[in-house]
């Protein structure tokens, strides 16, 4: 059995990781680290785990983690991750970091978008960006995964086939993304109160959201040229889900069918990618609670523009699910081990 | 492998049964019968099943079901169930009926509360009421299970220990129950539109809801005397969940602790029952998506009255989950096979 | 024009008072006092007021309030209210206090249920409990109103006719109440986060909620004997609304129709009370956004028990609406001035 | 008093019109016509009107309408409107049509996008497109208003200043719009059930929604050249609201401040338009329940693209509110009569 520890295990991404590892047939959770709840049973913090998980949350103790675990999931706020990860890495652990700290190829991009110096640029170089469908081959060769963001996973997977094939004007890319409220985390912020965010909708960090840089990094890699694009995040009154509506101008005329064929080829053999047939599009509830990505598209022949819809569950393929997928790759398990649930339509 | 068929597989209880059987290690779904969607792939009706379930819905064909299946789940409206079940029963199938048609010991009670004659009272006698925690021993000896209602499971389990122990005034029982909207099914009824039932709450069928008779039947059995009680169903703006607040006058003074001890004893060794410690109470999100029942209570010493809170997921322990639990018992499998998921706090 | 000030104007009850006073034809808001937002425009805190209200929030200045206002609404947490109200009272202002500090006839009841000493028991004696339908005659003779709580208004109005008429066993009263989340206020508490309270339901402060004592005070007054009762508050995933399901054993047999007649008589000429015809019951969305109270009932002849459903908007008739109704009475205006809106079904 | 009739008064747009006219100081509702509820009191269909509106719904009777009313609001499905409106027009009534039937300058555009012949192209020529802020001067000279759609009002108002000023590439316009579920009406359609549309999000009619043609008509008029654009409608789990995120490439570099100044100038003296200061953006709850339009914007200097956020309440400024605004103009009343409510933040 793989022995796992989760740091920041009582946040929303952390507890989703716990939930997934509890049902993973090859994993035993050894430690759940939580600053706020150290000494408290996890089943008291999340009573859905009563009778299922008897672990008591502990304070951070690197040596103890090193002795007890083979893999560590760090579900800490960015900034905090990069302080603790070097020490964990030195202990020879495998690390899957759910923050933004180890996702960048170029430390300057990180420092520009995150507004802080990176404390360990050397370690950053050893990290692999854990978008499994794009970096599957590199992942087994590292011990440090920068697990992608939720918006980014959804957006990149929605646009990758078009960009890779070179069929769109790379200057025309626009991603209009809508997120469920779990994406905002469990922090006590006024805008996340029920009465503040139900029955409404808003945009935030327009043209400045950090995930923009992550999307640009990966699409630029696929394109072989620098891509800059518009990314607009919105908050919608639902718990889970990322829904990305992506716009791109086509270089020449394509039918919806032809582009769908491009997607089917690009994602052939991918277990978690569902390309929708022409005339049908993914919705959040098709993927909610699962690790699947739903992708559909329509060409608007009037404008020679393609509109791609991409959908994930932000806590699953957008965080904990992909983290487990990365762990499976790191430990040479079948990639979908513990991740085959259908998700909850209801 | 147990070969299973689901009748009415595209309703909410039906599709939840499908979802659970898909992940059950000992079951293979052979048929999904649906009047409305015959000929259509189930993954087109519920796209969360894309790539997971390739079955095409079929029209009802008793002979075909008999040949292909060992067990049939009938998730049909009451009335419809009792028309088809006798034919299935004659084919030597095991049947788990999710409607109200085979839940009664006394056909007169059925006919009074359902306002229609029962077409097969003889078969009714062979049926066992499938509340597993109360009728575990009888279940393996039948081929026809009357799977309990959602409100009833939650209410009976909340009050059973008190009634069995004889510590409450049986004339004082009041159950104030709140249900999520999946309980109303997938029918096209105006009150179930999003804009009609979000941001509001209502009571319905006050003092006349059919589940009253089911609760009374089971509690009377436990009490050894006829119990009649108040049951008030409400609709709350959430998808899943039954939340029952139960009131009972105590015959003499008991502490909260003493009554909790009574519950712990009554439900000892029950895998799906969680008795909450004093000072803490179950919430819908503690059981949502799981087969668990959460029960907590408080004694009001001013009035010598106990207030019991009981919580289930109506589609799980209140329908499909309990149906699978019954199947496990019918086939001598460990009772929690395929039912160990923690549920979704988020 | 009546010159009004609101203390605690940026909380949910405070801002609802602002909203109502802005459309009141006889009132001009002169001051909105807010500790947290002093110096900030109210329209920045609540942008629905952009272009409608140009007031800047101010810090508390008793002398300034005294000079600028005729009436003050104090929408402060209990405890805080009783510290500031004596000084306001000395300035000859009329005061409508939305906290629990001036609602009690007996200071000992306050001190027992609120767990703190009352700093001004003499002033408490001068206050009138502002449930207008019950204390209409006393209200114009005071300068200090203890504006009733939301649960209490809904519960008292639902049970008053029965208790006054003496037709029920006063020892049998049970109120099972469900509240929208605005009732929890705007404070940064984990359970009020969207992801914590959507798609779920819970009970809290079972048998110990402070509003119990307020309900008991008023029903005892009506009964002419001491009443103690069960009150169970629940939180439901909606913004507005109190929905109270009230149970009482009847002393002798009554029909639903006879009891409805009792209610119609008790509430005859009441502008804000709607008694539902037999067979029909109020829902939250019938009163949401309005100052109306909806009341319906059903007798269960099997048990000789009556179930009364009472519904209000907690921010309106349960707080700000009733406060304005009290102000109208204090200033000898028609009681429904500024309060005639139909409410939002949608 | 203006005597008003509402046809289709029990649909969502119809009942919102009723709600607004009930509080309008210069209007008396004389008739509410409803096929489905003829003979039933409107307060039984919408119990929030109990004690407020005593009108009984009637079947359609053109002569009766003609005698009883000065103005008629037709809130019928498109197609149905154009069958009844010519007869009403002949009776010398003023008509405000909330359907799409009388919104087009060019009958061919209607026939192409609505897939049906227009039965009265001559009458269509007499109609004025009732987007008050753009056609204020023409409105008083007609008796037939084509009241704009919800998506269109929000989108046009969000883009009009840019297009009019000629500062954007007209070929680059993209509108990504999100709607509340009331926009789908009160029809019994599976996707509108609570359990189907809560906790999810979807796009629909991508590149083919009829409102596209309406937006294009009006923006082309402002631009003085034909504009075609991308319009993507989405459904979000909320009752009210249109949230449009609009993208446009700038012809040359502009600051956010400069473009905001352009908007402030374009909309100066407009009572219902709120231009947000730099750094702040509208949200649905800022306008919900009101007739206001909230507009904010951000320039992305990296791409020289502007992102405009425009927000309305679809039932108000997107339907009934604007209809009343049109009526005010038709009858030479102050344009905001009966429309000054702040809206519900909560």
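Every chain is named by a letter (A, B, C and D) in the order it is written, and numbering of its residues begins at 1.
In this section, a residue touches a chain if its C-beta (ideal position, glycine included) is under 8 Å from a C-beta of that chain, and two chains touch if they have at least 3 such contacts.
The chain list, named the UniProt way, goes like this: A, B, C, D = N-acetyl-gamma-glutamyl-phosphate reductase.
The shown structure was predicted, so the numbers you read here are calculated from the model rather than taken from an experiment.
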Remotest chain, subunit C as reference, centres from CA atoms: A
Centroid spacing, where centroids are CA-atom means, of subunit B and subunit C in whole angstrom: 38
Interchain centroid distance [CA atoms averaged], subunit B/subunit D, Å: 46
Distance between chain centroids, defined by C-alpha means - subunit A, subunit B (Å): 36
Residues of subunit D engaged with two or more neighbouring chains: 12, 182, 195-196, 198-199, 237, 239-240, 283, 285, 288, 346
Contact graph of the chains (line, ring, star, complete, other): complete
Residues of subunit D defined as touching subunit C within the complex: 12, 15-16, 19, 22-23, 46-53, 182, 199, 239-240, 271, 274, 276, 280, 282-283, 285-290, 292, 294, 315, 340-346
Subunit A-touching residues of subunit D, taken from the complex the two chains share: 171-172, 174, 176, 178, 195-196, 198-204, 206-207, 228-230, 232, 234, 236-241, 243, 245, 247, 281, 283-285, 288, 298-300, 302-303, 305, 307, 309, 346
Residue ranges of subunit C touching subunit A (in the complex, touch as defined): 12, 181-182, 186, 188-190, 192-199, 237, 239
